[in-house]
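Mind looking over this structure? Questions follow.
Each chain carries a letter (A, B and C) given by its place in the written order, and its residues are counted from 1.
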């Protein structure tokens, strides 16, 4: 297997199933390891370089670094930074790597993480680039499924909501296609996953598309809900109609298998009714914790601490 | 006495005199203790979750966590965070507690800290909610009085300025009413403390209200000054008049008892003349340091480190 | 020599050549020392108090503090801080020193760092004040020259670009005048260095002014490039013309001595062509790393850790 020390985490497509399994296994052991060795990455600095807001992912990486005993350099204010002065990403990376042993990058442009990885002497972890890549989210999603369901192989997984603009679902669909799963894509016509992602997944696994959850609700093991954003619709009435249609309520959940699980990349707004939060199927807050563990594992791996 | 480990600090009204005394005593010892044991909360993470700007309180908590050897997760940019995406406070708390062992919360809405405490599995420390609660400020105010005057009982304490909109004075009046003090409330008619707070205090201690400091200036032991904000007045002329009327100058101080003290929650603007800063009665910068100690004590207590 | 413990770093003009040499020597040893003793300033807190945006300098100081084992208190959001409420700098300093053992200050007003140093009981490090002072930048520039060229004495140094408004070049010219260098100031007529700075340097060393690099390009050992900002010109056509005229390309570099070096305070925009970044003369990214070392040395010195 490829050595992980010094490796960039740019796209989920760069990883084989064997490598993903190794990451999942490492994640499974990192909690205990960090308790026994709280200074696993002592003296190492992780720069968090976010050109887009993201409380969730930022906090998750910060907490991961701290729990491994490393330092955080937070550079998350594009509005008050040199970037405003017109500096290009290449220069920013060449500067920041003087301060850091690993750089976690979020950037609105497609390809930015790949470019950064080419320029940087230190490993780059892509924390979201453009609309297509969010590899650490996909890894934590895999880990959540594995940990909560015991295994990923053999499951029926539905992705619900905005499958067109959400980078989370693109990376996740790609990751899932390395496992023996049936993938259901459930979205309004206008928010269907782009053809190239669907075709890519179909080369490896069975993928079916639906406009409603109804036909598959009783069968699925994992329901992955995403938010439908108002901004995607020219017609507010159209948005209002769809929003209600894709909302998960207690009634929806009661129709699911008792041991099925509901995931969500968060933040959620009203696509999941509050009463669902307290039902045993809801695992999205656990998912947050598993994200912390996944990022700890990734940081420890690329920094060569394992 | 109630155990402090795991306890929420939501409202000053939740604490008995015995408990406040215990906090004051703990605060008194925390400086030495932290010097001897700089890793008192080693491995613990404190999330600072501020939905309103507050340099002072934020820095105070950050410094307190660091001096106890803990980690800080700072989430203080509501404008660039998930909150903008419409996430509710309940979800935010359920997410953040995955990363933190204690959450320090500041929020503009009344009742927000109570709600957070109900939702959270980790202790919540209220760092200001709505216009009414700021319990850690009241505790540090008590500690300042105790440390600078030797005791709180038997003192005459005047609160001056905007007693209507300042959350600091509400929590402080409530705390002081557990001690044997005479409380003087000095404010313009339009900025008098709300009746319910005055009545509450009157059930326990003597409370008198004034529109001017003059009648009591010679008698008081503690003068607690607060800022009168321009925004509270429709008529700028009215503001200008009042502002000058409640300004503390060297002349004011010279009329006070020589061992009286002047406190202020800071930041101050021009309600205290700069020459007062250098007079021995001015204790507001010391008060800042006592705030650091108080927050160290509270964090150590709720995290069960003492 | 003056003791460095507790000393303010306000203006480069406060330092003798002997003192600067001592700082350079300390910087030279700090990397190894920090590796052997990663907790050189353990338990000490450094407040980073920036009233102007500056990713670069802020990160540099943060990283420096962490590599010495100290705590960072970051107070870098003037827009969301007490400063907005009208608090003056004096009060802010008196508050922040309760939390910190050293304060790193950046402020847009001339004289602000000097004022802060007078008020504060803890050392102040000026990280840029007004248009004239940026002493730690000058020190890291000196260190870069010394480390890359072996010595500063005997060199021919050209400062290029906006010499009127850039605080970097003022502090650097002042620092260089303590060494045996020939100083060439190359700028458009409208952006010439202010007379008082030129006269000051001329009292000690040879200073020549040019409007073009051409006459000296073959002779210089160090080319220090700065950005020409569009905002300085009323006439965009004038700006466009000058910008191109002062741009460093591969062709420019090929005319220089093979062992000459190019420096830049960064961020750069388009005053240096991207192809230059990869030429051996370009040292501006190394300069960033030397800045980290210089700030580590300064922090260790003023905190008395050496």
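By definition in this document, a residue touches a chain if its C-beta (ideal position, glycine included) is under 8 Å from a C-beta of that chain, and two chains touch if they have at least 3 such contacts.
All of these numbers come straight from a predicted model, not from anything done at the bench.
Undergrad: I want to confirm something about subunit A and subunit C. Since they are copies of the same sequence, is their interface symmetric in residue numbering (over half shared, so same) or not (under half, so different)?
TA: different
Undergrad: Tell me the angle, as a multiple of 5 degrees, of the rotation that maps subunit A onto subunit B over the C-alpha atoms.
TA: 120
Undergrad: Report, in whole Å, the distance between the mean C-alpha point of subunit A and the mean C-alpha point of subunit C.
TA: Their C-alpha centroids are separated by 40 Å.
Undergrad: Which residues of subunit A are in contact with two or more other chains?
TA: In subunit A, the residues touching two or more other chains are 74, 77.
Undergrad: Which of the residues in subunit A end up touching subunit B in this complex?
TA: 38, 53-56, 59-60, 62-63, 66-67, 74, 76-77, 266-269, 274, 277, 285, 288-289, 292
Undergrad: List the residues on subunit A that touch subunit C in their complex, please.
TA: 42-43, 45, 47, 71, 73-75, 77, 80-87, 90-92, 94-96, 98-100
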